[in-house]
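Multiple structures follow.
Here subunit A shows up in two complexes: once beside subunit B, once beside subunit C.
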Partner chain A sequence: MNRGQTEFKEDLRASVGILKELMQHSDDLVFIDRELASGEPIKIAYVHGLTDDRKLEYLLAKAKEFGDADFPFGSDDRLSTAEQAADCLAAGQAVLLFSDPPGAAAIDVLGVQLRGVEEPSSESTVKGPRSGFTESLTNNLALVRYFCPSPQLKVQHRKIGRLSRTNIAVLSVAGVTNPRILEELHLRLDEITTDLLLGSTTIEEWIADNRGTMFPLLESTERPDRVVGALMDGRIAVMVQGTPFVVLLPFVFLQAFQVGEDYSWNYYIGSMLRLLRIFCGLIGMLLPAFYVATITFHHELVPTALLQSIAAAKEPVPFPAVVESFAMMFAFEIMREAGVRMPKQIGQAVSIVGALILGQAAVEAGIVSPIMVIVAALTGICTFTLPPTAMNYAIRLLQFGMTFLASILGYVGVVAGIVVLLTYLASLRSFGVPYLGPAAPFNALELTDVVIRRPATWNVKRPTLFRAVNPYRFRGGDK
Partner chain B sequence: MERQVTISNFQLMSLIVISTIGASSLYAPAALARYAERNSWYLVIAGGLAGILNMFVFLALNRMYPDKNLIRIFKHVLGPWLGGLLAFAFVCYFMDITAWVLREFAHFFIIALNPIIPQSWYLAVGVIMGAYAVSRGLEAFSRVSEIVLFVIVFAFLGIYIVLISQYHPEYLLPVLENGWLEPLSGIVPVATWLGDLMFISMMLNHVRRTKKTAAFAVGAVTITTVLLLLSVLSCTMMFGAKTAATFTYPSVSLIQNIRLFRYIERFDAALVAVWVMSSFIKISVYLWATLQGLADLMKLEKPRLFLVPLSAGIYVCAKFKIWGLIELGTFYEKQAWFFYLFQFVIPALVLSIAWLRGDGQKAEVGA
Partner chain C sequence: MRGAGRLAWVLTALALLCSGCRGNLELNELHIVHSVGLDPGKNGGVKLYAEVAKLASGQQQPKGMQNRTFILTSEGSNLFEAARLMRVKSDRTLLWGQTTAIVISKDIALQGMERQIETFRRFRQFRNTTLVYMVDGSSAEVLKAEMPNSSISAQALRGLAEGGESTALTDPTSLLDIYKDWNNGFRDIKIPSIKVLKDRNGGKGGKLLKAVGFFAFRGNRLAGFMPARVSKGYLRAADRLKSSSEKLACPGESGTSVAFENTKNKSRISVSVNDSGIPSVRIEVDADLNLVGATCEDVTVTPEMIADWEKQLNEEIAGQMDDFFAFSKRHKTDLLGIGERIHRKHPQRWKQMKDDWAEIYPTSRFSVTVHTRIDHTTFTV
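Moving on, here comes the complex of A and B:
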């Protein structure tokens, strides 16, 4: 944060003064006097509350036994300027001030109360590992190392944010990850000029290829197993201090329908679930649009018996299908948002009041037709099957656009909307990887790995999409 | 704008198949039955061969001048004046074709699907889709074409397979009872349908060059021919040649005969998807070719700026080009030479001139 070059003074009090000045005379800054084994007086500075008591007590007790250059706590670092010392203090390190020669060293005594490893609430699973990341970068790195104890796993630390100096870690696998993508990532990280980096979304927005899109061009996950899987595909993980969400890149559209759990089930079940999610994604985006198009323009395409029952149900409703549809979809979004924001116990009440009472009453009052309620409910439930990522929200927003097109141009509007959407998606890239891959550009072999879940023994090669240096997971010869 | 743009062989193939199959599969069974009755299939095969011949003209030109598109080849071979004039004519032709396709696109929906929505809306949708695709670049819509290819091929195959129990193969007999030559009177319209692949002359210099490019291009013509053959055969076997000839869109009538599980019928929606997607690709490739041709002809630095006025011009052109479908159909049949002139005759002439200039040998030595 302070990029000046203030030297330490021989007089310890002068150095303390400089540090206090740099730390804005904060009241939680503590200085303690101690002596080294040689009798040289030193000052130990730290920020109260940011330190681990045991580590600090040990440091204070042992200070007397220290020689000039041996520090027992790892991560030790000679500091040449007072500004560096202030950065370290703010980051939870203790700073030792020396007078002869004037200088300082930092020792890591950080201890903040954070929650422990828990099952991630946004990516829960029935089968499969249950540990999720926490807010601690160190813990998160340890988790990944635990899941993948390979010496080839490479971690690069960086600090981002002019004021926040947030620690981030870039994880890759040497010999697998494409060095050019890694280099590109570092170039993009260099360009981040913000003063505050809070959470992983900010970083996603800075480094994505296209900042003006609502589709996620990077993936974020709370699960270490997913990160390790991605690393082994030749992808890169970016961890940010203070958030359990890890950014994975590159990311392609069809991956939004994958869930880590697919690999915990037998491949028939895994494949079926994956296809089901893709199908639900399509329904979630298109069902209201097809309903509106059919009712408004193309009744002749509905079998007569079905048409009769639809017409009978719609008869008392005074609004055109598109109004009904927008009203129901909008109401559903409101209920969903209310359900998410409410405490869990009340959330259920919202859904009961919303779904049962409001829906029932609206139908009985003749404001919406029962068919429309079915359509809206089915659409909503289908979007619940998708992992709760930005893609989910994008699909929910698109259903409004598609329904609008359907209301003015019928099926033609819907298909035109799909075509334009596909063109848009095809023009996107994530770190140079075409967003619609492996469907377009088409690669049959890899498409089978994305749309369905192949048996693990078939995955001889890594996906070429991420341009891994070593294309083979294992040599297929020695079965 | 399109400096380092490259597309793959498969994408080239998809673009060719989609652009040539869309309209032709709708009209072919009726139009060809008028010339060759139940022997339309023979005409389709002959048309396929003509298409391959046409393809080789462009492949040969591309081989001689691997980095140039048709417009630049004209200027290079015929000099700035004559070549420029011809290039201008071709840019106008591309624009004209875009307008034809757009009008066809709108007509189909008005006649086969829904006459309530005004024609201008359909035209607007078509031109907006195309302009959007062109603004996103050749690579983007080429990738989409890969997905569209599968949708179209599987939709057509699905339709023909579902109807299999209703076919009457005896409608195809007797075979070629009037000899081999008589049905060929309708060869020009068929050749012009496949000749729509001429847009590749603007695109071949963007294809990632491999030894297989020619194979993929020929493969594309083959796929189109086979699909066209299936369309003609199933219509003939379903309705008989004389009845098929009376339909406006025999393929639509074909689909209306589908009935699954004795309950689900009217698969017209599938045809809407196929038609919108194939028209989208065709409008996009021709609009892209127009813009690219214009950029090369007038040495434009920012061709993007011309996209919107060009699209608006094409919209107006499409709207006032003809008064109705009958005029459109008649023009396609009676004035087919107009299309063939640009698709085959002039490029073939330019190829011969280039050969005479000795450019071919240079390329061979270079290769």
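Moving on, here comes the complex of A and C:
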């Protein structure tokens, strides 16, 4: 018996007192008296509201028919200490207290009202699977197993959070996932000393290679098909109880421009969509900067007719182009954030007020030029083409930095910004994998499947970036 | 160490701020110059005109290239001084980099073009693709002219240059073309001519522009004006003709003609020098034409008639080129780069000829062979 651990007593009332003490005399803790078939009195404890009524009723009704160690429910587990019993109660299990010999057992009767499997709103698709994860870890694991019914799929459960004791599951594929990366993940998980694990982002921040970067070093997804795809690449998934977002690792920069739907379309369409997203990412980051640099430093580069139009539109605007640009980008971010936070019923009103009334009025009042409205709108729309990962937000933040550099140094500033950015990105690692891979270090063959979408029959090998144990997806003649 | 690092960051940021901010100019602090005119000034100086587009006021819709223009004028002892002094009449900085066309007065060219070309070369603001025109008269008249649907004359000048592709009466010539020929010395330069016409249809005393012919140079000096037929002959010989129209008189009729569209023109020049040092230039021209119109009384097209037309067209095209050769010999202007061709083919002979090339060139013997083919008669029976 460890120090600080409390044993159960022969007197059930004493054991109940210990449990009440450990559970802070919570009013929702319920104790019910029952007898086993042998006539031995037992106590059944559970937390009101955390249990599935049907399972609980069945347990209560059938308790007297069972022997002292014969329970009809799943993970019956003998508990040796009162602290373990308290943990189980908090996790939604029912605890049966015995007097002879003194002890307890936990039975899974968890039943919390959760939403069903729906299409994830943040990763919707036109073509492809429509199921998304929910807040239930069990359901999420079942979904992955449904999409990939392979005995090689390995699930390792852990509890993280000194107080929250949140269940997490680490998913890998035996014979594919690199054991050293898996081991490194467990080492990093061991180091998490937080008292509360709420959602997957906390895990991301604890286990990322660089906690000070705004670029996502781990991927987050709500889609089981994406998780299965990642597992087959040799990556690892971390699921957290209570969140539909699953963490995938390692993650490289160019994966931010991929969505699972690419593989649901013909490879020409998939490739075109990927290229379009990369192009939109560049526009999202650089268009305001190039606009400001061009119309304040490099007027000669614009075709005369276009410059004349821009100049005519800019004529009544009293602000420098950079101020105009920042104002529009800032206004766009406000409208976007308001649109996300507002209830859906009035979100539409916000977008109409923002886009039509504010934009039109600002142009008519001569505060911003129509061209700037076009630039800001195009930039904003382009960022929406990217999957809604943290990369999306990082690119939006970079807009401001690049535009500032453009305003003081023109194209030289933009190029300097790009060079610094690329250097910084090249210095990042995700679980030891270079963040700019396969572009740097350069691997032409793998880059083709990142920038464009190769036909599935060409993808004989898994990406070497993730150091899969078995580098081949299939070989000639393999079934 | 950390303090030094921070100081380095601050100094870098300050350096960036201090070095960069001077180079930027907001668009509403600029006047966009669309075209430039050059006239002779007093005491050998230069009078400079700049066509600047007016911008719509805040309450009006932006009109882009449909805005009205105004002309700024200044005079200086040289082009740079005149350009700099123009700022005293302008409330905004002048943006020269968007200049579409430069119009040079013939009188400037008569004084020698070398100085002006040199100045333009040193002006880094001008694009290499800026078009160059010459006018017999004041360049200001050209800048003030208004073409229908293009109130900015620079746009009219660009449009007229592009029209040369179908008329073969002008050819776009850019600053780069002039620099290239000037520096390499391979051939003499030519600059398209522009004329100002009264717009009789407008009825408001408006003026129209017309681009026909070239001013040819002999080295630094203006040699002469090449009229339409000579210009067409030059473009054919120089293999720069893309399309044109030709006509032949109907046999036995007056006031009627058969019209052809020249769809292809390919010329090949070969040179040789005989023992007495006289250059012989042989030019072969392949021309494809289509029959596009006939006002003759009998227009029944027969193979014999086509053969006859082809023969007449051979003579007509050869005649155009002969006119050009006569012009170039008379004005001693080697626009086809015959001297350079001799230099490349007979380098040893060229060493003996190059000093007297201006005298030798007019003695050159030109022979032309034209192979005309009428592809389509486009007449259905």
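Here, the second predicted complex is superposed on the first by the 473 of 479 C-alpha atoms of A that agree within 3 Å, B and C clash if a C-alpha of one lies under 4 Å from a C-alpha of the other, contacts with A are read in each partner's own complex, and residues count from 1 in each chain.
Basically, a residue touches a chain if its C-beta (ideal position, glycine included) is under 8 Å from a C-beta of that chain, and two chains touch if they have at least 3 such contacts.
These numbers come from a predicted model, not from an experiment.
In the superposed pair of complexes, A:G366 makes contact with subunit C only, with no contact to subunit B. Of the two partner chains placed by superposition, subunit B and subunit C are both touched by A:I408.
In the superposition on chain A, A:P434 makes contact with subunit B only, while subunit C stays out of contact range. Contact with subunit C, but none with subunit B, is seen for A:P320 once the two complexes are overlaid on the shared chain.
In the superposition on chain A, A:I310 makes contact with subunit C only, while subunit B stays out of contact range.
Residue contacts after overlaying the shared chain place A:V420 against subunit B, while subunit C stays out of touching range. Residue contacts after overlaying the shared chain place A:G92 against neither subunit B nor subunit C. In the superposed pair of complexes, A:E300 makes contact with subunit B and with subunit C alike. In the superposition on chain A, contact of A:P387 is made with neither subunit B nor subunit C. Touching of subunit A by both subunit B and subunit C, each in its own complex, is seen for residues 297, 300, 408-410, 412-413.
For subunit B in complex with subunit A, the residues that touch the partner chain are 8, 10-11, 109, 113-114, 116-117, 121-122, 125, 129, 132-133, 136-137, 139-141, 143-148, 263-266, 268-269, 272-273, 276-277, 280. Note for the complex: subunit A touches subunit C at residues 295-297, 299-300, 302, 304-305, 307-317, 320-321, 366, 370, 407-410, 412-413.
If you check the complex, the residues on subunit C that touch subunit A are 16-17, 19-21, 23-28, 30, 32, 34, 53, 55-58, 62-65, 67, 95, 97-98, 100, 125, 127, 154-155. If you check the complex, the residues on subunit A that touch subunit B are 297-298, 300-301, 303, 408-413, 415-416, 419-420, 422-424, 426-427, 434, 436, 439-442.
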